């Protein structure tokens, strides 16, 4: 079932490790097949070194396991909230990558300080509010998705395709699993440079709106002219 | 004698180097065979590049060398204090890994700032008090173990399976040598993110107790649901 | 056309990746053939992993594509402003390397703190002013070149062969593509040590002019005595 | 002439690169053959990638080239001042390694904060005074050696086998080229942890003298008991 997509999701998970975003089992990637409404996701707590494409788990949008000998990632309900709420999202990633997690732990948005940020994120990357004790005691992983959705609201989630969950870590997404991983890599690099900028110059100001517009739109706008395919 | 365990302890020592926790001879791992009460430990000051499994030293719980052509690690008495005091510890690691050592040198506990920490450590990772001049002049390595035990007290040592010794460096432990090394790796990563969190936001608050409970217990509690084996 | 130079420019682009200055497509290198006035430059948004020497694009000094099946880098107009204004520049590099970009985002010059800096840069490495909204809305990449030229003025650009563009990132240059890449690598290392110096000792003073003279001139002056070829 | 020693000095130079202490040609190692009074040193400005053992240069203690087709390192006079002044030094290293250079640029001693430091350096690692303008204009590299000697004075240079030269970078030494390189590696690691300690806790205190004594002397004292050979 969806064997090609399993290989793609498996490779996207392995890419997290190759890019240095995860150690051990500290991350997970999924992609949805919008035609069937089925989601392929990494199994829970399986070692990257022994994991195979066939170990990927297939779940439906209600969280029922449709195929797979392993339990899906514990973070599956968070992914599903995202897919259910935003039909233009095709892939979701969760990591504990160190620079983005630093902002999550500090409880701070990642400010847009330059064009590296603006090339991919059209504004600050937000940090969610704290989950309430009830949310934590209840369906915790689902509530994590809910607080992400609450923060994004009705905005197009692809304009700022990442978030940091307070005291937890980053989630990133994209049109498919590969672009979600790409955005997770960029997120951590952008967070790293924001940290260094803020510790070097505590008085630093955000990038001008005009420059933010320019860089984001030359790549992603209607008249984009970056790259070969646009 | 205990040849399989020697291979395991040797491999655990080599893993320290592969994970970037040690340079040169700056670390040691041991594991105890609870049936015989014998401890396998790395020899003192032997280069990782030439070390072999057969070079591991066998000592008893009083520190007598039972087998081995090398002297055991100078830190052996510290390991033995831990094994003698806490019967549920099976492996012990000592390193000078850079981020944990930073907290040891700064004389500060590593605060629990997020779920990465909470997944493995059920509360702050403590820093010991200074050793007295008498303790340093006396049986120094044994007194290092004593001050660790004094800090942990009657708590279950597996709930916070690491410590930093003031002006010295980290010790970590676990059910066996492999889990001790795993905890030493996580310790350094957690210390790194704590450092970055504190320098980014000096006013930062610890993670809520409720979230600490949730993450620790979903992995380690009676109703744990993370991973495949629980 | 200029096949040898294409190979050289291709290799210089790949060197950016090997030295860790770029991830994905975040950089570009060009070299000019002064005899013909033609510039070889990396294509826009092509992946380093699949890029070949024959994919390099040939443009003239007015920006017309003379040969190549790809569009040239979007930053081409910036490179051309440099080549048109300074006849002694033979190669230009743009990256988002993390330490230099940190200074660009902080809006700060990179101060000359030591001999590592002085060996290659004869004084502080400047940060440009902000581009105006009109400059951003207009011929943005060309205006980026103009603000670089405005900052350098009539000085010899090879004496401080790099700059950071405010809220954007670094450009470096040299006598050819290889030396431009070399200077981009040194720039990031020098920026890294400046950041660490300033965060360690906020009261730190610049290196003495006399020491700056000594180190720069023993490598680059009329009586240079460093290396084998001088 | 001294072919075995050339291989050893060549290998020690290559080790600088393998350990990440140098990029390009930013370092040099020498060793003295005390019997003949001849010093083997790296040639000036030769690329590590193409350098061979036979390229090492032989100089006498007055700086005359005795053998070699290349010019010796420009820093040769600094090395020679050390060998002439301290008969128990057998190898000298100079690098621009980033953490030690940070302290050189900040004009600060590297304080002894823990046992990692104390295992190799018996006290703070000093930063020299500024060179005067006359010293810089005169025999600069020799005066660099003189200011190092002025800082060490009549102390045994092997007790603190490294120094940082103000606004310049580190020198380290040892009984031979290998131990000098080893000390240069430890120096940079110790400087890194000192930087992180000081930025984490600006109020941090040095390690107690008693603990400094204990760790240094258990490795290097008359009754040393660390390692296998003592």
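For reference, chains read A, B, C and D in written order, and residue numbers begin at 1 within each chain.
Everything that follows uses one rule, which is that a residue touches a chain if its C-beta (ideal position, glycine included) is under 8 Å from a C-beta of that chain, and two chains touch if they have at least 3 such contacts.
Every value quoted in this text rests on a predicted model; they were computed, and no experiment measured them.
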Task: Label of the chain whose CA centroid is most distant from the centroid of chain D - done: A
- [ ] Please state whether the interface between chain B and chain D is built from the same residues or different ones, using more than half shared residue numbers as the mark of same.
- [x] different
TODO: Please work out the Cα centroid separation of chain B and chain C, and write it as a whole number of Å.
DONE: 46
- [ ] Report, in whole Å, the distance between the mean C-alpha point of chain C and the mean C-alpha point of chain D.
- [x] 33
Task: Residue list for chain B, restricted to those that touch at least two other chains - done: 199
Task: Chain contact topology (line, ring, star, complete or other) - done: ring
- [ ] Kindly provide every pair of chains that touch.
- [x] A-B, A-C, B-D, C-D
TODO: Under the touch definition given earlier, write down the residues of chain B that touch chain D in their complex.
DONE: 23-26, 43-46, 70-71, 74, 96, 98-99, 101-108, 130-131, 133, 136-137, 140, 167-169, 195, 198-199
Task: chain C partner contacts - residues on chain A that touch it in the complex - done: 113-116, 182, 185-186, 189, 192-194, 196-197, 199-201, 204-205, 207-208, 210-211, 214, 218, 225-229
